[in-house]
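The letters A, B, C, D and E name the chains in turn, as written, and every chain counts its residues from 1.
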């Protein structure tokens, strides 16, 4: 079996006494799209942070493109091709939306001059942010902020995109747009890890679904199988999803 | 039934941006109203203006016959308005319990207390002494709702209620809104999950670019009607 | 034994630093205001106490009592008029306000009281020079012990107030997010004003102790300010027990440094400060990283 | 006038610049300046007659804010904007040295005082045994030799073990004293116990106190800032260090500083560069020392202040220099005139050209003691020795510090 | 389909930028036409502009609120005196001194750049005080007595003034140009991103520490240059004042009054400070009370600073999306 694009091997993370991740093995192949679900506090965001490099695991390793990146800082990992959108948006408040995205394009993707601008223009278009491109980020509403998270991550030209609940609070039509955008990305070969509680949106994109609970992966497989899994229903869904 | 809240010709600006435009509607005591609308329609702005967190540039907000347009935010809490803000906005260095207690200090008389909140959000019980900044996204949302309940509101404003909550937790919240809260309080909530919104609400108001384009009893509207209203296909004022 | 004595003197000195730092820590903790006028407010307090002593011939320890409420009111008004307004414009603007306030206070005092040096010591009787002689080389100064006791009481009381009382909880909540605090019924302005009132009153208390210990004049305000800031930072921002420990660590470092060579007194304090910052935790009791 | 190469024309107005610390840490020194400036302006109101020509005189005073950068700035303003013909500066190296340097660099004559002359001369880069590098700047003040003479005449008045505990800070005054006064005292048979320089603003002195106690220093000498001394002196009392003679300088110049010590201040020995009992007269204003002291006390309802003497003296020197110069508008000629000038002032007759170095007149300093006041003010300063200037009457013998 | 482009220059700035270059050239001619007073005053103003620009770049763009830039002012000043004493031509010594300040800032940055917010502010202050004390302990530097810069006396006063002026002008133009280029380069947005959210910036590939260090070193160079120029102006320095925290107060005043986080604001702020200083300086304590009152007034009435209100960008640093 070929080495996956990005993986965590026996990763554990503790905050003081609290074990948030326990021996998590998680792997995503190149071009794969994986959904992650799980109850609140299961450790999904923490896993993403460990993959992206903003948190160091207490044990275990993170591998990316057949290389151990556990000790690399977040900025190095980003430049290598791991991009991440935060669950709770972290805009650069004092800058415009365009400049927020530009940071990703110039530093994450290493583009310069017109090439960087071109990337920004494309990404802003894809994420429907062109209208607000010249607004200061602090004036954005929540959904614009979430889109900007996605746009910044996209601008870094990633080979794997780590998305954390970017679909919440969308109207059906907006959700459909988002699905189309992510599908397009996936189609262009970007691997995707997407945490989302709105399962019906998620399953329109991903081929594989992972469910976490209490710091462990309790189910991993085709979305339809995982959603039928009794433990997943118990811990997460509460009822069957059609 | 008399109107608990009435919003009259309310205008709100963000600088040059006219975010809420001459919005008028009433909410009667005990009613549950869902506020829907596309991204940037002005839902958050409207709720914040009602709660006092955003200054209105025109119009009036009346609560139970009393004009509160010029009342500062903290005093509106005492008149019985509580807002669960978009993005949770917990006090990061206070524990979950302290977050609840802060809100409880100036509460009106009523049934809610820390234990009551923990009962509807059992996941918070073991997090009671944890600092809010270390909570997961969903745990924060639950705490934020609990915190608003602690003030024993007559009018509960919920911005993006289910955002970030796992399905089980969403069920729990709606169950609570449906039963416990049902007779005690009036609710105005922003919810994008239309099925949920229509199921829980008595009425649906749809905003488009700061204006109300649809205001109907939930039983009388169809999904399609609302979806159309989102994009102004129908009912857009000339 | 002289080393033990140095440590004892350092602890007493540290109590003074902690007392001066307390108000800074409070204002920073609650409003994120770095108050450049804190030293001058302390000296202002010392002048007011001195004025009361001089006019009505009260002993300083009695004269402090009516001064504290006056300073509370002054702090309250200060927040309501100047600081509150500038806070709305972000974190740096209050820095400008307090800078302005500092020079206004200094030079207004100069105009009113002339540059003459003064002290509260002469009015306090023998307590200023009293001490418990343990051995020939080891003495415990009564004033130092009193200062330390007051520091422990003030810092401890304030810590308890912030942690345990509902008013304190409100203060911390407002500190972290004033807009949201308003949404749960807290009057942020009033909370801020209370915090500043407390900070200014405690500054005056600290000023009075420095005035008992040494002399002061209108330009004395800034001289001790850096030590107070160091105490706050060593202790970990926002933690009042930390501030007490920080003050004592600084005082002991200075006294022990002087024991090696008098020139190293202040330097030793700075080096301990930098060493603590360089350590992985970056603060003795850092409950959280600085904002 | 303007630009590289331009220069001023002839006018009949003379401008004197006066720089002193009126605000900031050294503001205490500048306190009597307002009154002194009034006297000087009054005396100069009718102008000066120089070489048969009549000149109007204007005095422009500036505040140095006790800060060297500010001092240089105001000096440069006075030079470039007001076009001063002569500069006066007084009180502490922070004010005087930068003003002198600015004048030296701009070629404007400058007279200064109230900085121990070593700190002024060597502190600005002059080297011992080499010719003076200064052509435009002149100074009159006491130096460590005067302190030595005064101390060795005072201290024998009380029997001691001749062991002197010293607290000399690491600043301009402290360093000058450590360098020259220490060796002189040793030569005179005193044992110096020096724990080492300390930094101004130190808040704990237990190390020094322990050493003084251990070595049983019956004489104590210091040149501190007022708050440092207050801190030290109270700690010394707490820790049981009580010398027979407590000789302080720099602090204790003004009665308020001693008053602030309370009971602990009575009996401290100090040194004075002027008092109303000085039997000299200001040549410009015609006032005797007594008249100066009384005039000030009556006008401001404050005790006399020894700054009065040298401040008035600066104007005496200024007037005399301008009159002695063949052309007072010619800066080089004016500077040259100062180098050989002899003037009567409240602090005595000042005569340049007699050493200790070419630009400096060393003025006397007399030791005395602060006692409980008998008259209008709570404290009184009595002169106990007059080795540096036998014309000044001695009022009493030194009493042991009790 | 509409296409878009990113623009940086505005119509106003296309005219103003070349004009500023002309202004610098005009200023260079001042010593030939104006009195020594004007030359000297402008030199002081240039020093203030350098300081304000440095502090603004650090705090306004990099989010590093330093209370300790006086460390590099002091080092620049003392290095000048030391080098001049070694026989190096004073004006060359001043340039070298600025470089020395930069070199010393490198190890310092290892410590202070670990700190955030309030810790950084107080940490830098203590570092400055520590440098002051180390100088005080060193008797060859004059210890606490201070020391004078003697080498300049060999120049005739008018020439000394003119040379110092030109050097100040050159340093000012250089520092403003460096800051402008830096902030317009891709490092500019990176620094602002770090200011607003360090972790998020890192997640987008920004090299956080190197970017901050670069800025810190540039600011140290600028402050070192200002220190060297200050000693050329005042000739006498003394550790407690050249390393004094009042410098930071001045910078704070200029930057906040002018408008933090704008390129032009600090220049305006420096001019305001300079004017206030000159107009009211003769009023003693009242002048200072006035200065304090002006500070408070600005904080209350124009909290965004003068240029924050004007909002015209003569030298724009931002990016705008426009329709082609």
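Just so it is clear, a residue touches a chain if its C-beta (ideal position, glycine included) is under 8 Å from a C-beta of that chain, and two chains touch if they have at least 3 such contacts.
Since the structure is predicted, the reported quantities are computational estimates derived from the model, not experimental observations.
A.B. asks: Looking at the contacts, which chains touch subunit D and subunit E alike?
C.D. replies: Neighbours common to subunit D and subunit E are C.
A.B. asks: Moving only to chains each one touches, count the minimum steps from subunit A until you reach subunit B.
C.D. replies: Steps on the shortest route: 1.
A.B. asks: Looking at C-alpha means, what's the farthest chain from subunit B?
C.D. replies: D
A.B. asks: State the chain with the largest centre-to-centre distance from subunit A, centres being mean CA positions.
C.D. replies: D
A.B. asks: Report which of C-D and B-C is connected by more C-beta pairs in contact.
C.D. replies: More C-beta contacts join the chains of C-D.
A.B. asks: With centres defined as the mean C-alpha position, give me the subunit C-subunit E separation in Å.
C.D. replies: Subunit C and subunit E have C-alpha centres separated by 31 Å.
A.B. asks: Approximately how many whole Å separate the CA-defined centres of subunit A and subunit D?
C.D. replies: Centres of subunit A and subunit D (C-alpha means) sit 74 Å apart.
A.B. asks: Determine the centre-to-centre distance between subunit B and subunit E, using the mean Cα coordinates as centres, and give it in whole Å.
C.D. replies: 49
A.B. asks: Can you check how far apart subunit A and subunit E are, centre to centre, with Cα atoms defining each centre and the answer in Å?
C.D. replies: Centres of subunit A and subunit E (C-alpha means) sit 42 Å apart.
A.B. asks: Check each residue of subunit C and list the ones that touch at least two other chains.
C.D. replies: 107, 110, 263, 266-267
A.B. asks: Residue numbers in subunit E touching 2 or more other chains?
C.D. replies: Only 133, 136-137, 285, 288 qualify.
A.B. asks: Run through the chains and report each pair that touches.
C.D. replies: Inter-chain contacts occur between A-B, A-E, B-C, C-D, C-E, D-E.
A.B. asks: What residues on subunit A touch subunit E, complex-wise?
C.D. replies: So the residues of subunit A in touch with subunit E come to 52-54, 73-75, 78-79, 83-84, 86, 90-96, 98-100, 102-104, 106-110, 112, 116-117, 120-121, 124-125, 130, 133-134, 152-153, 155-156.
A.B. asks: For subunit B, which residues count as touching subunit A in their complex?
C.D. replies: These residues of subunit B touch subunit A: 14-15, 17, 36-40, 44, 86-88, 123, 134-139, 141-142, 160, 162-171, 192-194, 227, 230-231.
A.B. asks: Mind pulling up the subunit E residues that touch subunit D in the complex?
C.D. replies: Within the complex, subunit E contacts subunit D at residues 31-37, 40-41, 44, 133, 136-137, 139, 142-150, 152-153, 157-160, 162, 230, 233-238, 240-242, 244, 246, 278, 281-282, 284-285, 287-288.
A.B. asks: Provide the residue numbers of subunit C that touch subunit E in the complex, in ascending order.
C.D. replies: Interface residues on the subunit C side: 28, 32, 34, 36, 82, 85-86, 88-90, 92-97, 99-104, 106-108, 110-111, 222, 226, 229-230, 232-233, 237, 263, 266-267, 270-271, 273-274, 277-278, 282-283, 289-291.
A.B. asks: Please give the residue numbers of subunit E that touch subunit C in the complex, ascending.
C.D. replies: 59, 65, 111, 114-123, 125-127, 129-130, 133-134, 136-137, 245, 249, 252-253, 256-257, 260, 285-286, 288-289, 291-300, 303-304
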